[in-house]
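Scrolling down, you'll hit the structures one after another.
The following pair of complexes shares a single chain, chain A, combined with chain B in the former and chain C in the latter.
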Partner chain A sequence: MFSYNFKYELKLLFRSRWIQLLSLILLLLFGFSTFNGKQKVEKRKSVIAMAHDEVRENDTKMLKLLDSLQRGMEVSASPWTLPTRPMAVGNYYPRVAAMEPQPMAFVSTGQADLFTHFVKPTATANDFAMNFTEMTSPVQLLFGSFDLAFVIVYLLPLLIIAFSYNVLSAEKESGTLRLLAAQPISIPNWVLQKLGLRFFWMAVLVIVALTIVLLIMGIDILAEGKLYLVLLAMVLGYMLFWFVLAFLVNLWIGSSAKNAVAMLGLWVLFVLMVPSVLNQLGNTIYPMPSRTLMINEMRELKAEVTKKQDEILDNYLRDHPEYAINDTTQKRSFWHRYMASQHLIKRELEPVVNTYEEQLKKQQRLVGRLKWVSPALTMQESLNKLAGTSTSDYESFRAQVVTFAETWREHFMPFLYNNQEFSSQDYSNLPKFQLTQQSFSPAVAFWPLLLISLGLLSLGLLLSKKGHQKFNLISS
Partner chain B sequence: MITTNNLTKMYGDFTALNNFTLTIGQGAIYCLLGANGAGKTTTINLLLNFISPTSGTASINGLDVVKNPIKTKAFLTYIPENLMLYSSLTAVENLDYFSGIAGKKLTVSSLKGFLEEAGLQTDAFDKRIGAFSKGMRQKVGIAIALAKDTKVLLLDEPTSGLDPKASNEFGLLLQKLKEKGVATLMATHDLFRAKEVATHIGIMKDGTLRQQFVANDISLSKLEKEYLNTMDYKELVL
Partner chain C sequence: MTTRTFIKESKEMMRDGRIRIAFIIVILLLGAAVWISMRQYQNVNARYEAAKAAEREVWDNQGKKNPHSAAHYGTYAFKPKYPLSLVDQGVDKYTGTSIFLEAHNRNEAQFSAAADQTGLARFGDLTPDFVLLFMIPLLIILLGYNSFTKEREMGTLTLLKSQGISYWKWIWGKWTALFLPILLITSVLFLVASIVLSNLQDFGVFKWESLFALFAIYIVYYIIISNLVLLISAKAKKSGISLVISLCVWIIACLAAPKVASNFAEDRYPFPTRQEFAASVLKDKKAGLDGHNPWSKESKLLEKKVLEEYGVDSLHQLPFNFDGYRMQKGEEHEAEIYLKHYNHLKDQYIQQSKVYRNLAFLSPYLPTRFLSMAVAQTDYATHWDFADAAEDYRIATQKFLNNNFAQNSEYGNWSYQADAAFYKQLPNFEYDPPELNVILNRNSSNLMVMGVWLLGSFGLLFFIPKNL
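Our next item is the complex of A and B:
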């Protein structure tokens, strides 16, 4: 039976112009979404490059100034901005802490629309209030613009539904099912073969269309061979899930109209409702403390701390005797007091910030545990991870930036408290930000999707055998 | 060979078929006559295992249709009142597909040979079925029976809606299959065609087989009279 289904299914699909239509739609969707994704990546790259250029220009100016100052020349700049002052270097000549786009970043915008891709932490920057944009709703923020991930997660299932919802019901409605059912074949096996073949042909079209589009867009898929294969494997796993659903619906529902409604209902459930419910569940079980209140608390604490900066500085120097011993002048400026108070503010604020962060992590853990309920959510998250635009990628970036900001600040403390000037010799020792990318496991979505699909398929075949279905043949 | 033994089908309190017992041997054509709802199509649906019997058994070539649904279908060909095939495939392709999934791998020339034997015009072989008349589709159905080397033919009002010429051609094809030893069960309203092609005729009413005749032993007018009597109709006097 298989060889005949194989031979005639393609013929029927060609003659009904399904293959041609599907190829065109896939090319258009993949083309437009990849173009969008690539544009965003290019923009992101150029913004980061501009930031790096700006730093290079500033550094050149700084080195010129340092050179002039070291030669004893007069310079036309405000005294507090002179790079011989360590806090001026820390504040006016910051480094760029950038999150460069990963090779597959064009696949999914993910959180890229919502978070900054580079930060210039200054010596006086507040770690908690750096410009990262808040992360309060992991699921809601998970879905983005018209990119390849959107086409795969949202639109591809709709194409699969249109391509498969009536495999059995169309036979019933056209009258061929009675003739088929009078042949020595099992109808569930026949439906399975037909859908298997449709899955095969659609998979071929998806792979071909995607490869053509990526080549046209100038994406070197050979260089990123492994990641490209991972992307294809994930897409095929996700497609398989929807085809298995179509198989179950074809066997159990009935007319084409009912099948279409059932399949669209499942689409709404898995693609829209489950992610939304999980989001609400996260918010209800682990409500986020108000960020506004947190910032107000920060301000109040800062105001209090400012009032007793002398006392704080004394305490700070007691905790850091190395600065007190080396300091022969005992000259204490605004920055000495300010930086000492920053340490205290950070310590005092830690519980408030931790509560906020912990609650956010709990929300994300909950969503992470329950994401398997919706293959769409799993797929979106996996594509974000493949693209390096997932929540965890941005969290990792933020954590690394905060650590770098601390390193940057601390780099200037010996200069400040030892009342030592910054010189051009010290320039090469300035800390540099180096992002460590999170490792991505290719198996993250493919195997679970495959297991879910095969589990559903086995269940369907088992029930169809036990159910002795007659497919309501006598009514047609 | 077709055998039914006290075959009964009930839908709730309604009895669609009641203790239907029948044997149709090789080379026999049994025509089931009866009004709409008499139980003719129910009998065919039960033999095809499209529905399950409430009680009794039905077998094809000695195999129970409920216990061996797939094996029994290898022996039979079913032609419904309105035979629907894949409209975007040609006659040869349809024949290739249906005989192929039934396990018969045939060459194009033998497929065309079967279509020719079934009486389809040569120029229609490679035309898409979508443009075929009902009579032409029935011929493709007969070609499927020939290609499958069928032992049992189940026909559900196959001549309804056919013009007299097409109906006559169909009758001749049944005679051909009869000579090949095919056991045929044909449900029909067409008394004339039944008398023409059948070896045996049965009259059904309310799910029960009321009368049976050997076709050669009864004239058409007598058959009509018996049919009307069974149906409790009065002859219309003008």
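Our next item is the complex of A and C:
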């Protein structure tokens, strides 16, 4: 019976041109979305490369200037920009702190359009006012990008629905169900086989289409073999979930149109409703404190600090006896007072600023716990993780940049408070930014999706066996 | 005949359990969405008022200091939320809410809500515009997909034909039966919105005609969707197929087209990255007058010009402090550079808007979305307006401070301090969003596209499916 079903199903799918149509749609969707994703990744790479080039150029200039100054030559730059002044190096010759795209970044735009991929923290930069958002049109952020993740999370289930909503009901509607009932196979088994075969064919088409598209786009899937397999496994797991839903709906609900309505209701629930409700929930349980009120707090503190600059400097130097220890001149300029005040402001504001990241982390944890409610959400989150564009990736980048900014600033403090000049020998000791990627456990989405699907499937089979007569498909 | 068709269809709908459930779900969603938006509006605005007052107090009480130190200390412009964001939140989530106004620099609005949220926020929020733009069209599809196909499937089509029914009247009856519940639900939503809005404290900002305009926009949108759904139902052979086609249209119009449009727009008219933008501004700035640098070539030129103008031979003899004067000239030069670069950015944005408009033939969703945001004052154009107003205020503030510095001190006196009372004389930052007629004028092409969709879909519905 199975081999018969297999042959018949393949013939049917070919003759009704389902396979041809589906291949075409899949190629188009995968092609367009991968193209978009790849374009974004390339832009990201070139922007970062340009930033590195710029730093290299500036550094050459700086070294030349230093060289001339050390030889006692006259230079034409304004005195306060001369790289012998440590604060000038700290402010005018910053390093690039960049977040290079991951190999699978083309899969999902995630938060990549919202945040910038490199910053150049200066010695006087306020850590909490550092702007990590990118200059994007908000309309684009609102609409989002047509990326591979969108095709997989939103559109693939719809193709599955169109492919499977009337497997049983069509037989009923065309009157062939009676013939079928006369065959030596139970109806649930028959539907299961039929949908299983359709899942098989669709999986083949998806894998083939995706592989072709990636090869054409020049993405080296062999080099990223493991990640590519992870992507395929996740997609198959997600498809399996929707096929299982289709199976249950086919068994329990009646006519073709009713099936389609039910499946679409589920789609709307999982893809549109659950994410927005969860988002609302996260915002309600862990509300973000107001940024405008944070600004107020910061401003008041700043106003206060400016009035007491000298006192602050004295305190600062008392706390840091290591600075200024080798300084015989004891000269104090604007920068000495300014940096000491900044230090104080930072220390005072740190708890306020940290609440944002903490609340965000709490929201993130809540989402992590509840994301299983919607496989669409699970899938999107995992694809973002795979692409390295998830919220937590950017959060970790931000944290690392803030640490680096601190290192950068502290690097110049001994120079400043010792009134020591920056020289070309010190150049090689300048700190450099090195991003450590988050560890990512790739199979994380696949197994739960498989588990959910199999759980639903066995539940469906169990219930349908128990109440077999209840379905009484023929008379209804 | 029209009324009979209408009565029969309406009865059928009311008796259908699925439709009752769908209606209840949509009403519940709308209720929750309105409630959430209302709370958010009140929260945001309470904070806005508090922040605005606190910031002004900090400014007023900064005490005796040099006006240019005050200029560097700067002030903030906060963006309020407008009452109609209750109906459409637009791009509010993605635009910053506060602009730091300081000497020498035009800053971007900072702290967008989306940057402080998890990736979930990108799926969308439970807001009235989500229900209005996405869910109600789905409801229309659910109500209307089998309007004609069921006659065929139940065999009543032959009966109808024997009645000698006029095709036009029949369609008209079906159309009214489909549209009336939608009109009802939309009216209820707007009624609730108007009750909530008229109870708001800052009622003055809210305009009734804007609410009516929004109502009209959504009604036209639903008419277009109803026409399309009925057209598909009349042409399709089976209910299932009709449903699937209608849903494809919905997905393309509401989900795929906007994303495709945004990819096209970004590809053809990209925004610079923040760093690129800053770098090109800096380059232009370096080429011109810097108020802090008296040794540059441009400063010397300015010195010469001013000395000649006043017929004196040293800066000390000028009737004002030249430091302050140079500071102001530098500020004016920098403002010009920012204007140039921001105008380039604005050009890109205008070109992008054209891309969206050109793709509106794929989707009635696009013009509706843009019109709705515009009328609700939550679109990108309003944000630009606000940012420009803040920039004007920044320039005026710098002038106010530099003039005080120039007129009340002599050249070289950087220790000059203006009185504490002086800072209180700075006018407040006031911003009024554009009026409805200005908004509609700006969006005339979107209105036209919607008009074409409206007439076109009616034309298709009444003239094409004669082969029933």
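One rule holds in what follows: the second predicted complex is superposed on the first by the 456 of 476 C-alpha atoms of A that agree within 3 Å, B and C clash if a C-alpha of one lies under 4 Å from a C-alpha of the other, contacts with A are read in each partner's own complex, and residues count from 1 in each chain.
Methods note: a contact is a pair of C-beta atoms (placed from the backbone, for glycine too) under 8 Å apart; a residue touches a chain by one contact, two chains touch by 3 or more.
Because the structure is a prediction, the values reported are computed rather than measured.
A.B. asks: Touching A:452, do we find chain B (first), chain C (second), both, or neither?
C.D. replies: It touches nothing on chain B or chain C.
A.B. asks: For A:288, decide between first (touching chain B), second (touching chain C), both and neither.
C.D. replies: Once the two structures are laid over each other on A, A:288 reaches chain C alone.
A.B. asks: What is the contact status of A:176 with respect to chain B (first) and chain C (second): first, second, both, or neither?
C.D. replies: first
A.B. asks: Based on the superposed arrangement, let me know which partner A:4 touches: chain B (first), chain C (second), both, or neither?
C.D. replies: Only chain B is touched by A:4; chain C is not.
A.B. asks: After lining up the shared chain so the two structures overlap, which partner does A:12 touch, if you call chain B first and chain C second: first, second, both or neither?
C.D. replies: In the superposition, A:12 touches chain B alone.
A.B. asks: Determine, under the contact definition given at the top, whether A:25 touches first (chain B), second (chain C), both, or neither.
C.D. replies: neither
A.B. asks: Pick one for A:185: touches chain B only (first), chain C only (second), both, or neither.
C.D. replies: first
A.B. asks: Check whether A:384 is in contact with chain B, with chain C, with both or with neither, and answer first, second, both or neither.
C.D. replies: Second partner only, chain C.
A.B. asks: Determine where on chain A the residues touched by chain B overlap those touched by chain C, and list them.
C.D. replies: none
A.B. asks: Show which residues of chain B lie in contact with chain A when the two form their complex.
C.D. replies: On the chain B side, the touching residues are 41, 45, 48, 50-52, 70-74, 76-78, 80, 82-89, 93, 96-98, 100-103, 154.
A.B. asks: Quick check: in the complex, which residue numbers of chain A touch chain C?
C.D. replies: Result: residues 32, 36, 39, 43, 47, 50-51, 54, 78, 110-111, 114-116, 118-120, 129, 131-146, 150, 154-155, 158, 162, 165-166, 169, 255-261, 264, 268, 271-272, 275-280, 282-283, 288, 290-293, 295-296, 299-300, 302-303, 306-307, 356, 360, 363-364, 367, 377, 380-381, 384, 390-391 of chain A touch chain C.
A.B. asks: Quick one: in the complex, what on chain A touches chain B?
C.D. replies: Touch residues, chain A against chain B: 1, 3-5, 8, 11-12, 15-16, 174-176, 178-186, 190, 468, 470, 473-474.
A.B. asks: Sort out for me which residues of chain C touch chain A in the complex.
C.D. replies: 18, 36, 47-48, 50-51, 54-55, 58, 61-63, 69, 73, 76, 78, 90-91, 93-98, 108, 110-126, 130, 134-135, 138, 142, 145-146, 238-240, 243-244, 247, 251, 255-256, 258-263, 265-267, 270-277, 279, 293, 295-296, 345, 348-349, 352-353, 356, 379-380, 383
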